[in-house]
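Inspection log for the structure reproduced underneath, given as C-alpha cells.
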Amino acid sequence: MFSIGSFQEVAYIFSAILFIYGLKMLSREDSAPAGNLVSSIGMLLAVIVSLIEVVNPILVLSAMLIGGLIGSLFAIRVKMTSIPEMVALFNGFGGLSSYLLAWSELQSLNSVNIITLIGALTIFIGGLTFSGSLIAFFKLSEYLKSTPSFLNSLSKYLLVICLVYLGLFSSYILLQSFGISPSFLPNFELSFFIFLVVSVFAGLVFVLPIGGGDMPVVISLLNSLSGIAAALAGIVLSNTALIVAGCLVGASGLVLTLIMAKSMNRDLYNIFFVGYKSSSSSRGEVDGEIRPISSEDAYLILESASSVLVVPGYGMAVAQAQHVVKELGDLLQENSCEVSFGIHPVAGRMPGHMNVLLAEANVSYDDLFEPKDLNPKMSTIDVVLVIGANDVVNPSATEEPGSPIYGMPILEVHKSKTVIVLKRSMSSGFAGVQNPLFFKENSRMLFGDAKETISKLVSEFKD
Amino acid sequence: MFSIGSFQEVAYIFSAILFIYGLKMLSREDSAPAGNLVSSIGMLLAVIVSLIEVVNPILVLSAMLIGGLIGSLFAIRVKMTSIPEMVALFNGFGGLSSYLLAWSELQSLNSVNIITLIGALTIFIGGLTFSGSLIAFFKLSEYLKSTPSFLNSLSKYLLVICLVYLGLFSSYILLQSFGISPSFLPNFELSFFIFLVVSVFAGLVFVLPIGGGDMPVVISLLNSLSGIAAALAGIVLSNTALIVAGCLVGASGLVLTLIMAKSMNRDLYNIFFVGYKSSSSSRGEVDGEIRPISSEDAYLILESASSVLVVPGYGMAVAQAQHVVKELGDLLQENSCEVSFGIHPVAGRMPGHMNVLLAEANVSYDDLFEPKDLNPKMSTIDVVLVIGANDVVNPSATEEPGSPIYGMPILEVHKSKTVIVLKRSMSSGFAGVQNPLFFKENSRMLFGDAKETISKLVSEFKD
Amino acid sequence: MMEIYLLLFFILVLSIFLGLELISKIPSTLHTPLMSGANAISGITLVGALSLGTEGTLQTVLAFFAVLFASINVFGGYLVTNRMLRMFRKK
Amino acid sequence: MMEIYLLLFFILVLSIFLGLELISKIPSTLHTPLMSGANAISGITLVGALSLGTEGTLQTVLAFFAVLFASINVFGGYLVTNRMLRMFRKK
Amino acid sequence: MILGAILPNNSGDKRTTLHPDSIKPILDMGIDISFESGLCKGINLEDSVLENLGAKATDRQDCIRSSDILFSTSPLGAGEIKIMKKDSFFIGLMDPFTSKAQFEGFSQRGNSAVSMEFIPRITRAQKMDVLSSQSNLAGYVAVIESAKELNLALPMMMTAAGTLKPANIFVIGVGVAGLQAIATAKRLGAKVEAFDTREVVEEQVKSLGAKFVKIDLGATEETTQGYAKELTSEQIQKQKMLQKEVCVRSDIVITTAQIFGRPAPSIIDKETIESMKPGSVIFDMAVESGGNVEGSKINQIVNHKGVKIMGLSNLPSFAANHASFALSNNLINFVLEFYNQEQGNLEVNFEDEIVKSALLVNKGKITNEVFK
Amino acid sequence: MILGAILPNNSGDKRTTLHPDSIKPILDMGIDISFESGLCKGINLEDSVLENLGAKATDRQDCIRSSDILFSTSPLGAGEIKIMKKDSFFIGLMDPFTSKAQFEGFSQRGNSAVSMEFIPRITRAQKMDVLSSQSNLAGYVAVIESAKELNLALPMMMTAAGTLKPANIFVIGVGVAGLQAIATAKRLGAKVEAFDTREVVEEQVKSLGAKFVKIDLGATEETTQGYAKELTSEQIQKQKMLQKEVCVRSDIVITTAQIFGRPAPSIIDKETIESMKPGSVIFDMAVESGGNVEGSKINQIVNHKGVKIMGLSNLPSFAANHASFALSNNLINFVLEFYNQEQGNLEVNFEDEIVKSALLVNKGKITNEVFK
C-alpha cells in the first residue's frame, strides 16, 4: 500500500520537524550545540531516503563523496578567525547547487509553463546567491579590498539592468506558456543562456559596492536567499523537503538579518543602497537631523557593546530611574560588557545629586568616574547611555564661544562611538540652550520617561 | 487553466494567513479587537468561496440563515456575566457540527479504509466535545450543581469503557480495510451506531466529575479538541481550510489551556483525574510533600492575582533583592493588583533590618504592615510571596507547643489562598527548625537565589 | 491519491507547529476572549459542512444540522468575542 | 496536477510563517552560529540534486556538480557550526 | 495589683520605663500604675500625660513602698530595697555584675528580682530583650554622634568644587549594635567595613551591603546564646595587628566588641590610634564595660594627637523617646507573659527558660550560681 | 607673584582657604604661596603639610604685606587693609552687606577686592560658587546636628520591641542647602516634606524622593540668578498659617529661607512653635541673616517649652575638612580662570560677567552700585 514516494514523504515530514526543532534550539545559548545536531539528523534522514531511488548511484555517490570531503576539510582546517568567510563560501555553494539544479530541470522540461517561471526564479536567486557570496568571501578574506568608487555607482545601474532582464525573461516565459511567442527576446535557448549569465552577474554587482563592515549582514541576507532558492527548487521538483527546509531558512534568515542589522545600528536600506557612503569613515557632520530609535533597537546595540558608559543627569532624578539604571548596569556586566558611570560635577540640581541617587541604588563608588578621567578615553567607548542629562554633555560648552554655557568642562560623550540619549522630548535643560550632541551622526534619541525606557531595556535583556 | 477547486485552494491559503494573523493579534491587548476582525474576514472568505459549488443551495443557505440568527441572537442577548457558558455552548455546537459532518461522510463512503478511521476519530472527538461542552455549559450556568460523589467515581470507569470501545471500533475498521471482517463487534452498521452514542456519552462522563471552578480550563481544552476535530474532518474531506484552521486552534488552544491551568495554580492531571477531590473545600492537611514551582508558573499565578502580600526575611537581605522586590511590587500594582508588605518585627538579623533595605529601595512606609494588622485579613489575600523568610512565617510557633519558637507571634501566611516561598533549599532558618508551612497544600516552593528568581519574575512581567 | 493525503498530513503537521509557536504569553484578561476567538475559528467546519452531499434523507438532515450548528458557532463566536473585547477597550 | 502544486504552495506559505515565528531574540554571540546552522540546512538542495536526471552530458555534468556543491554546503556547514558552538561552550 | 516605676538614680539617663504609648495593655489587664513624679521628664512629657491615661503620680518612696512590681532602669540602693513591699518584684536593669550589693538587700527582704539583662536569647523572648532593643538604638546613635564629630561629610559628593570623598567607617564587633551602626553608616553614604570574631557574621554584614574584613584568628567560639567567647591573648594580639591597616584608612572606627559578663577586650592600642589620620574619630561603644580602645574615658571626648576618642555612655538615652518606648515595651511584655489575671499575680514557673534565666532572686533566694 | 592666605578673624571658623589637596594647580602655574602659620590647624593639620608641598609659612602681618593675592574667609580689619601690598587683590568672603567699613579701606589704599558671595550663578562660574559649595555642606550638617538633638531615631524600625515610627522632617526653603538637607534626611530614613515659594522647586524635591507641600501664595518671583524675591507681608502671613499644620506633625523643622542681600523672612512664630510636640527640634539655618524662626539665637540651642530651637552659625565649619577643600577649590578656580601666566598677574576684564559681578572694588574704585 505504501509506495517509495509516500515513504519518502513521511520521512520528509520527520526531517522537517527536526529542522524546526533544530533552528529553535540554535537560537538559545544552552541548547545551540544540541540544536545543530538535531538539524543535522534531519538532514541525514532526508538524504538517506532520497538516496533510495537515485538514477545514477555511482555518479551521485562519487559527487557526494568528493563534496563531503572538500566541505569537511575546509570546515576542520579553517582558522577560527576566518569562519565568517567560510560560511559565506559554503552559502555560495548552496546557491550554486540550486542554480545548477534548476538549470538541469529546465533543460529537461518539454513545455514552457508556470513551473518554468519558478525554475527561472530559482536560477536567478541561486546565481545571485552564489556570486554574491563569493564576493563576500573575497571581501572578508581581504583578497578584495576597496572597490574604486566609479565602479560602485556603476554597479547600481548594472544591477538595475540585471533586474530588467529578469523581468523581460519572466514575461517571455509567461507569454510562451500561453502559447504566444514574443519577439522582444531572441529564441528561448539564447535568452536562457543570457539569463544564466545575468543571474550570476547580478550577485556580483549587488555585493561589490557594499562595505566590508556590513558583510555579516549581507551574508545573512544571502543565506536567507539561498533558502528561498532551495524552496523554489522544491516547487520545481515537487519536493516538500526542499520547500519546507528552504522556507524555514529563508524566513528565519530574514528575521536574523534584520536583527543583525539593528544590532549594528544600521538599517538595510543604508547597507544596500547607500552602503559605500556611510561605511566610509564617518566624519562628524552636523546636519540638523535627529535620529530617533526604538528601545528594541537600543537593546540590540547595547547587547553587542563591549563597553558602556552611563551618564546620568537631572532627568534620571526626575524619573527616579536610579534603581533600574543600576539593574541595567548589572545586566550589561553579566553580558560581559564593561560598565562605568560618568558623573559630571553639576549634573542634577544640587551638589552630589547623582551620588545620593546612585548610592541609594547601591552603585559602587568605584564605578563612578569624573569627566577628567573619562574624556581622554572617550573614543574607545562603544556606547554612551545619556540618561536625562543635557547641559553636562553639551559640546557647545567647549565649541561655541558665544554659548551661555561656554567654558564649562563637559563629558565629551560625542567623541564616543555611539551615543544613546534618553529624554522625553527635544526640550532643553537647565541652561535653556539647544544641544548639538543630539544632531551628531553617532547619536540616537530614545524618547520617553527614563525609568520606563530603561525598564523596557531591562526586560529586553531578560528575554 | 484555473479550476474552481484551485481558486478555492488559493482563497483558503489567504484565509489561513488571516487566521494566523488574527490569532497572533488576539493574544496582545492592544491588537485583540482588530485580531478578531481579521480572523472573521478569513472565515468570511473561506465560507464565500465554499458557497460557490454547494450541492443544495436552498437547504444550505436556510440552515446557515437559521444558525446565524440563533448564534447572533444568543451572542447579543447574553449577559456579560454569562459569557463563559455561552462560549462553552458555541464550542459544543462546533463539535456537534464536526460530528454530523463525519457521520454523513462515513455514511456515503463506499469502502472502509484509513479515511474511515480518521472519520471515526472525528466523530469521537466531535461528540465528546459536544456533550462535554454542554455539561460545562450547564455547570457554569448552575443548572447542574454538584454531582453525587458515587457518580463521580463511576464516571471514571465509564470513561474507560468508552475509550475501550473506541479502541475496539478502530481496530475493527483497520482490519476491515485490510479485508478482514473481525467478529468481536457486530456488523458495521450496528457497531457504528453504538459508536455514535458512545462518542457523545464519553464527553458526558469526562466532564461531569470536574468541579465548577475548573470549568474555564475544561472549556479551553474542549475548544482545542473541537479544533482537532475540525482538522481531522478536513483530512476526511481533503479540505485544507479545515486542516489548517483546525490545527491552529487545536495547537494554540492547547497552549492556552496549559497557561490557564498554571495561572490557576492547577495542573491538568489534577483537574481531570482528581478534579472532584481537590475542587471540594481543601482542608489544610499536612502531607509531608512539597510542591516546587517554576518561575514561569509563579508568574502566571501572580499575573492573575488581585492582592499580593510580600513577606521579606533574612534571605532577601542576603540576596540583596530589595530593589527587584520593589520593582516587582510596582509591576504588580500596574497590573491593578493590590500590593502590601508584611514586616515581622524580628525578620532579618537586627531590629529594623527589613526597614533599612526597603527604605533603600524606596518602598513607601505606608505600604509596610505589621502582623497584627495583616493576620486578621490573611484569608482574603490571593497570593503571599515569602522572600527568604522562614522562622517568621513558621506556623509551629502558634501550633506546636513543643517547638523552640513556640509562643512567637508570626505572620500567618499559611491562611492565605496561595503561598509562594522563595528560598534556595529546604534548609531551616535562624532557629534551626523545620517549617510545616512549606508542606501545606496551598504552598509552592520557588527555589533559587531570591534576587535571581525575582528578576526572572520581573522579566516575565515585562514580556 | 495517497500522495495528496500525505501532503495534507504535512500541512497538518506544519499547522500544529505554527499553532504551538503562535501564542506564548497572554495577559490573563485575554484568556477568555482568546479562547472564544479561537472557538469561532474552529467553526471552520462550516466550510466542510457546506460541501456535504445531500443524497438520502439521513444525509440531508445531517448536512442541514451540520451547517446549522456550525453557523451558530461561527456567528455567535465572533460576535460574542467582539462584545467581550469592546468591553475591555472601554476600561 | 494543479492541485498538488497548490498544496505545495500551501506548505510553502505555512513554512514561511513558521520560519518567521521561530526566531525572535538571539544573543549576539549566536548570530554567526545560527546563520551558519541555517546555511547548512539550506544545503537541503542536496536532496533535490540527488533526484536529478542524467540523460545528456550537460545534464550529467549539471547533476554531478549540483550534488558536489550541495554536499560541500551540507558537510562543511554542519561541521563549521559545530566547531563554533564547541568554542562557546568552553567559555 | 500595682505596677510602679521610678526614675533612674543616674540623672544622665533620660529614659523612662513607662512610655505613654505602651502602657495601655497593662491597664487593660486591670493592673494599676503608680509612678514617680517626673518619670517622663527625660522625654519632655509632663506627669499629666500618664495621668490622663489612668496612671497615678506619687513620690519615689511611696511608689517603692506600694508597688507589687517595680520597674527601674537602674539598681536600687540598699535603703530603697528595705522599703519595698513584701513579696514584690523588682524588674529592670540590675547591672548585676557591678552592683552586687543589691543581692544582699533582696535576700534579706525576701523579695524577687528580675534582671532584664539576663533575658535569654530565644525566639520567644525577643520581645523582652532589652539588651537588643537598646543596643540597636545605641548603634544608630554612635554613628550620628561620630558623624557630628568628624570634620568630613560621610557621603561622596561629586561637585563643581571638587569631589568630596566618602568617609571610610570601620565597625569592629558586629552584634546588634554593630549591625545597626553599619546600616546607619551605609545609609549616610559612607564606605563601611566591619569585622567580628564570629564567622557567621560575615553573611549578615554583606546583607547590609557592607564589606567584611577577613582576619583569620584561628578557632573562635560562640555561646549557645550567640554571644562571643573571650579570645586568647595571642589572638587579641594578632587581631590588633591585622586590624591596624584597616583603621589607618578609616575616618571613623566604631568598636562594639563585648563579651557578656566579662570586661570588654582591649583591641585598639595607642600605636594604632597614632597611625590614624588626624581628625579621625574612634567611637568606643564598649567604654562602659571597660573599653575596647586604649585611653577612652567614659563621657569624654579624648583628643589623642588629633584623633578624637569618644567614650559616651548610655547611648540609647540620646534617642530617649524611642529608647523608652522600646524599653517599656520589653518590660511590659515580660509582665504580660507571666501575669495571671485571675490570681492577680506574676506566675513564677521555673520550668520556663525565661524565668530560669532572668529571675536572679526568687523570694530572697539567689538562683543564679554566679551571684551566690 | 605671591598668593597669601590668612586665618579668619573669627576663631569659630575652622575652615582654611588653602586645603593641601587643592593647591597643586596654583604651584604648577608658578605662583608662590605664603600662608599664616597655623592656617590648617582647624582641620588638624600642621604647617609642615603645606610646607612640604612648597608653600611658605609666615606670620599674619608678613603674609598680608607680601601677597599679591590674599585669600581670606572673613573681611579684613581697617588696620590690615592699610598694610596690604599695593595693587594687590583681596579674594574671599567679604560679607559685604554687614562689613561696610572695609570698602572705605580699599578705596583709600587703591586695592582691589573680589567678593566670592557675588560670583554670578551662571554655568561657567559654578566651580567658583562658594555659596553653593558651602550651603551644600551646611544642609548636610543641619540634618546631622538636628538628628543628634532629637530624642528619636530618624528611620522607621519595626522591631520585636514595637515599631519605632520614622521621624517627620519638614524643610522650608529649598535652595542648595535645603536640597542637601532633604537628601540627607531621606538617606537616614526620615519622612521628608519640603516647601519653597519658588514653584520650580517642586520637581527638584520630588527628584529626591521627598514630598512637596503645596501652599498657594499667589504670584512669587525669582531673580535671573535663581534667588527668591521677597514676599509681601500678607503672603508671609498666609504662609505661616498654612505651614503650621505641617510643623505640628513634624519632629524636625529645618528652615533655610533666605533672600539674597536682605534679612531672612521670619516665617515661624511663637504660636507655631508652641503647637509643636515637646522634644521636637527646629533648626534655623538662616539665623546668621536674621533668622526664620522667632526666638532663635546665634550659636545657641534655645529650649522653648520643650521645643529646641537651634541657631548654630557657620555650619560648613562643622565639616571643616570637606568645606575647606571645596572652598579653596572655589577660590583657586577663580584665580586660575583670570590669571595670565605670561604677565604674571590677574587679568581684570570688565566684559566678563563674573568679574563684573564679583569684583566689588577695582583699584580703589567701588564698582557695585549698592556699596557706593
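All chains are identified by letter, namely A, B, C, D, E and F, in their written order; residue positions are counted from 1 within each chain.
Convention: contacts are C-beta pairs under 8 Å (C-beta built on N, C-alpha and C of every residue); 3 or more make two chains touch, one makes a residue touch a chain.
Treat the numbers as computed from the prediction; the structure is a model and nothing was measured.
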Checklist outcome for this item: Neighbours of subunit F that also touch subunit C are A, B
Checklist entry - Is the contact between subunit E and subunit F built from the same residue numbers on each copy (over half shared) or from different ones (under half shared)? => result same
Next on the checklist: Of the chain pairs B-C and A-E, which one is connected by the greater count of C-beta contacts?
Outcome noted: B-C
Checklist entry - Approximately how many whole Å separate the CA-defined centres of subunit B and subunit E? => result 57
Item to check | subunit B and subunit D, separation of their C-alpha mean positions in angstrom | outcome: 38
Checklist entry - For subunit F, which residues are shared contacts with two or more other chains? => result 126-127, 132-133, 136, 155, 157, 159-162, 164, 187, 189, 209
Next on the checklist: By the touch rule stated above, which residues of subunit A touch at least two different other chains?
Outcome noted: 16, 20, 240, 244, 320, 345-346, 351-352, 356, 359-360, 362, 463
Checklist entry - In subunit D, what residues contact two or more other chains? => result 3-4, 7-11, 14-15, 17-18, 22
Item to check | Chains that touch, pairwise | outcome: A-B, A-C, A-D, A-E, A-F, B-C, B-D, B-E, B-F, C-D, E-F
Item to check | Touching residues (chain side subunit C, partner subunit D) in the complex | outcome: 3-4, 7-8, 10-11, 14-15, 17-18, 21-22
Checklist entry - Where on subunit B is subunit C touching in the complex? => result 16, 19-20, 22-24, 26-29, 32-33, 35-37, 39-40, 42-43, 46-47, 50-51, 53-56, 59-60, 63-68, 70-72, 74-76, 78, 80, 83-84, 86-87, 89-91, 93-94, 96-98, 100-101, 103-105, 107-108, 115, 216, 219-220, 223, 226-227, 229-231, 233-235, 237-256, 259-260, 263, 300, 303-304, 460, 463
Checklist outcome for this item: Residue positions on subunit B within touch of subunit E in the complex are 314, 317-318, 320, 345-346, 348-353, 356-357, 359-360, 391, 397, 404-408, 430-431
Checklist entry - Inside the complex, what are the residues of subunit B that reach subunit F? => result 343-346, 351-352, 354-356, 359, 362, 365, 368, 370
Item to check | Parts of subunit C lying in touch with subunit B, wherever the complex brings them together | outcome: 4-5, 8-9, 11-12, 15-20, 22-56, 58-60, 62-89
